[in-house]
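To keep things simple, chains are lettered A, B, C, D, E and F as they appear, and every chain counts its residues starting from 1.
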Amino acid sequence: MSLNAPLGVVKRHIQRADRAATDELAKYGVATVHEAQGRIGLLQSYMRPIYPGAQVSGTAVTVLLHPGDNWMLHVVAEQIQPGDIVVAALSSPNTDGFFGDLLATSFKARGARGLIIDGGCRDIKTLKEMDFPVWSRAISAKGTIKATLGSVNIPVVCAGMIVNPGDAIVADDDGVVVVNAADVRKVADAASAREANEGEKRAKLAAGVLGLDMYNFRQPLEKLGLKYID
Amino acid sequence: MSLNAPLGVVKRHIQRADRAATDELAKYGVATVHEAQGRIGLLQSYMRPIYPGAQVSGTAVTVLLHPGDNWMLHVVAEQIQPGDIVVAALSSPNTDGFFGDLLATSFKARGARGLIIDGGCRDIKTLKEMDFPVWSRAISAKGTIKATLGSVNIPVVCAGMIVNPGDAIVADDDGVVVVNAADVRKVADAASAREANEGEKRAKLAAGVLGLDMYNFRQPLEKLGLKYID
Amino acid sequence: MSLNAPLGVVKRHIQRADRAATDELAKYGVATVHEAQGRIGLLQSYMRPIYPGAQVSGTAVTVLLHPGDNWMLHVVAEQIQPGDIVVAALSSPNTDGFFGDLLATSFKARGARGLIIDGGCRDIKTLKEMDFPVWSRAISAKGTIKATLGSVNIPVVCAGMIVNPGDAIVADDDGVVVVNAADVRKVADAASAREANEGEKRAKLAAGVLGLDMYNFRQPLEKLGLKYID
Amino acid sequence: MSLNAPLGVVKRHIQRADRAATDELAKYGVATVHEAQGRIGLLQSYMRPIYPGAQVSGTAVTVLLHPGDNWMLHVVAEQIQPGDIVVAALSSPNTDGFFGDLLATSFKARGARGLIIDGGCRDIKTLKEMDFPVWSRAISAKGTIKATLGSVNIPVVCAGMIVNPGDAIVADDDGVVVVNAADVRKVADAASAREANEGEKRAKLAAGVLGLDMYNFRQPLEKLGLKYID
Amino acid sequence: MSLNAPLGVVKRHIQRADRAATDELAKYGVATVHEAQGRIGLLQSYMRPIYPGAQVSGTAVTVLLHPGDNWMLHVVAEQIQPGDIVVAALSSPNTDGFFGDLLATSFKARGARGLIIDGGCRDIKTLKEMDFPVWSRAISAKGTIKATLGSVNIPVVCAGMIVNPGDAIVADDDGVVVVNAADVRKVADAASAREANEGEKRAKLAAGVLGLDMYNFRQPLEKLGLKYID
Amino acid sequence: MSLNAPLGVVKRHIQRADRAATDELAKYGVATVHEAQGRIGLLQSYMRPIYPGAQVSGTAVTVLLHPGDNWMLHVVAEQIQPGDIVVAALSSPNTDGFFGDLLATSFKARGARGLIIDGGCRDIKTLKEMDFPVWSRAISAKGTIKATLGSVNIPVVCAGMIVNPGDAIVADDDGVVVVNAADVRKVADAASAREANEGEKRAKLAAGVLGLDMYNFRQPLEKLGLKYID
């Protein structure tokens, strides 16, 4: 949860990250984007896709939920614009099934590309058939109530990482990474350069060149005292 | 474990839930059945299918095991009738590999539709080829011994939920839910009604209607003080 | 970590387990090999394949890493010979993404059949496409540094089990097991015998014979006091 | 949670276990009572006292709570009679701070001897000063709401064990055990006999006699093949 | 970790929360402060004091560390002013022993009142003798290196909660809570009012008045359908 | 578990580490000994003392147990010599209560100074009164059986670390560390030197000297790019 989180507030107008750059991030994937922006922005590794293979990017609309209460997911639905990814944080740890196929139908109709939720998700099979990807802390069918106000489009902490509304989100089989709205163009370019660069390295390594030589590691390792014995 | 569990007892005649109603539950799936019976009956979310896609229902035959000892799984095999699902509880937490392809062959030959075990399972690949679904706490090849008596067809606590012999079990990619033997007809009807009802809702949501409007949430949210800002 | 681990040492010449026997182990799989060698050698069950379906065996080259530092994976690459499986242990628990597609390309070019790592792994999708199997403690895109010396081809403790360089490793959907280099022929023979034996048992069980009768369990169970009630 | 749990029900009249026998159990402690009733009845070991040293027994009044909602703790307060211990179960896992010094003041005024809660507890320091012991799953200051009905004095599953209203509870630094209301006299007698018996054994062991000899373990160990080597 | 965290930056001048109000917070304790500011600001409940009994408040100086590397703790030491509490976040989960008695001696000499660290701590016994309280994720003697730059006095996510440099921290046996620098006076006043109010409630509850009556819960419970049975 | 562990073997004659050097290690404590031997030898941090304050060293006698079975603890008792510490490993993870006050009475009578067990322990209160320290994975009253052979005085893996019979063990509030039997004199001397050295550092730090200056960290930090801003 964000410390400053005003409860009971829905922010309607947020500054979304540049669309073209955000959309471009999907193809680089989570690991490359994470490296390209200086090894920051990763959500904790317990966030896993409910089915393998999805790889998406989009702009974050955020929502803060309370344990066992999914009411605000209906409130956030109205704020979704095409190209968004919903990021749901919890005020304390809970694995109930906050999200299922009905909400997914609504989110998809609004143009959402996926959901990142630091809680549980259900209707896994149907979500896969619908091709609506979710990254969650747990899979659980446990029903939730509609009783307490949270907030929409405030900064949240989701799985250990700050997400501001409008930030870019990238998610794939490796997990989830967030990119500052202001940095997406720069990060997309860095990711593109990195990928080009990796292609060359990959070819060398595939041909049998060792990282020890390609990266010039032998000298610093020797300097630190690495010894080869028989 | 059940408090009252008499150790070393096998109950041969149990009252199984109504067959037709029990069999009908599979098609509704875990989340719908859980909701249809008033949001009760779910086993803890750490119980996961060993492979995705299976969706079954059946009548519970129960067995209480001890850590590292799978002897009673051979005893329960004899009590299986076609349409049963075996529910195995442990007297204390343990993740050893209590169950593999040989026992699965035996269970299947007796007519079992699957296994729910609050411990470990092995031979995952073969079980998938055999199409014998298991929901377990862990996957582990660790071998077990045959030394201590447990019991068969007593009430057990499996993954945090009481299961009585004869209760109906539903299991799919969302997890596992148990339905009281006496309630299966009523729950199947409620699930059927719920599903019909959900079809209509799904169509509206897919057409872009918001849950906020469909469920009339705007007024209660406003009453609680939800504020929209720009 | 191994207590005796000298830090900063790379052992170049190790005694690898018999190649033919090691290669034969793959077909028996983890559960059978574990049983065949007397129920020892399993790594902890939190070690999971990053994608289902791979089943491999090979000779262990070992490496000791520090949290957040994957430098020594480049050092171990040079020591890989065709038919090896790299076993990476950590000096303290950490789930960072030590290994991805570039290192996999290098390992594969050297002839490695897979990686067992008591830490995190990334580029899951690409590794699956490359058909380079990894068994890991976690999936994480978190980047790592290159700063501290570990060691290569020393005895390590990986996921709770001692692995000596040259030991045989078997890994599949059930997990990972290690076989002493000196025992592989004996274990392969025992596994082969066990499997032949299991075929016969499987046929009986499939025909409806109960384990209670096939294994003569009724008498010892009765002697311990097992009671049948109605 | 209990499967049969009717939600929204408070049972006022329950059959409490025999008072004298229940009170006697405290002095034997959890381990002895657990053994005396045949190694059953233990709650999972994650249930820990919030401060060391308390050792109590009493009759269970039970309550079922929902995640993040402590409303029913006020409802159960009215049902407390002197000599009771409140046992609080949750409908799904949650570690919020359901209980603090105000509720403890109320519970104590009603005659409660302690609380067993499968959730979080707060005001630890004050509870210790008040000498009101709590065994909980977690310590957390997280506030809870009052929105949803649970039930009072129904059978519940608390930390993996069935507790019926009126059962005897024993709790100390080793954890928590429950004794069937019908069995407390028998279990108290067995615990007393066991303790007398243990005094004798303790004296022998303190004098240097080995358990190997005192329990006649040498022969069965040898029979199983135990070998002594130099 | 904070998304925006620039790595390798030390901010020397931060705006600390009002001293008098910050100091006043200690006496109210974590639970009361958490409630007084609207149930926000709690760090996750896995953060536990290394010894019981300490209750402190102070202004946050923050530091971002990497797994297994405590170098920046020496850097943050220079930025400590009397009345500060150091808040250490990690770039990925790790339980190594980042902090011990030497650093505590330095921190104490600089005027620090304690440490909140989302990692491990060692020299527990000496820290207790020194009366230097630490709230940590783990206790571990594992040594750390000095190799990688983190940052000092940037916003961090520590145990799931955003902490800005200069915010007020309150920590006791219940855990850790953070208060926005701008809000400390308001929160201190609210906590004071709450405590006065609680004294009155406590007296009533101690006299046997039920929360059901004191808070007027009977009517809303009945309205929701709560039923009393015999 | 050790891979090579022959099951069913008791080794009577082991080479114990030098007595004087082993005994000397206690006063340095776990953190200092761990550093003195090059940051190796620590057991995982989940191993915690059952009560605070104990600080011991001794020579390891080892035992391998199976889940839920404490039989071999009676076998190892006979092999204890004055000054030993028993190190108990498990063949798979389990938290049952393997050890209580009767076994402690026997171990103490034989001269044992404590127990390190990768499982559960019970009778906590009595063990504290007896001043018999235990470091364990869990506290649990769960009773265990006597059915399966393990081994005594074989190399084991306890909480992730190899322990050979005769090695020196040091345990305190920070955890547990093992020292190779051959290295105890050398490690004791290094620990002694380190402690002398630490006294001087402590005095400087207490006088307000910064680690940045004392360790000459400013230059390497600047070289890596650390920037101070206002």
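Heads up, the rule we're going with is that a residue touches a chain if its C-beta (ideal position, glycine included) is under 8 Å from a C-beta of that chain, and two chains touch if they have at least 3 such contacts.
Everything numeric in this text was worked out from a predicted model, so none of it was measured.
Shared contact partners of chain A and chain B, listed by label: C, D. Two copies of one sequence, chain D and chain E, touch each other mainly through non-matching residues, since under half of the numbers at the interface are common to both.
Seen as a C-alpha superposition, chain A sits on chain C after a turn of 120°, to the nearest 5.
Between the CA-based centres of chain B and chain E the separation comes to 41 Å, rounded to the whole angstrom. Between the Cα centres of chain A and chain D there is a gap of 42 Å.
One simple way to say how far apart two chains are is to compare their mean CA positions; for chain B and chain C this gives 31 Å. Contact with two or more other chains is made by residues 39, 42, 91-93, 95, 140, 142 of chain B. Annotation, chain-chain contacts: A-B, A-C, A-D, A-E, B-C, B-D, B-F, C-E, C-F, D-E, D-F, E-F (touch as defined at the top).
Across the complex, chain F meets chain D through its residues 8-13, 51, 71, 74-75, 77-78, 95, 97, 100-103, 105-106, 108-110, 120, 122-125, 138-143, 146, 149. Touching chain D in their complex are the following residues of chain A: 66-69, 91-96, 140, 142, 145, 147-148.
Across the interface of their complex, chain D is touched by residues 29-31, 34-35, 39, 42, 45, 48, 52-53, 55, 172-175, 177, 198, 201-202, 205-208, 210-212, 215, 217, 221, 224-230 of chain E. Chain contact summary for the complex, chain D toward chain B: residues 1-5, 7, 38-42, 44, 91-93, 155, 157, 160-164, 167, 178, 180.
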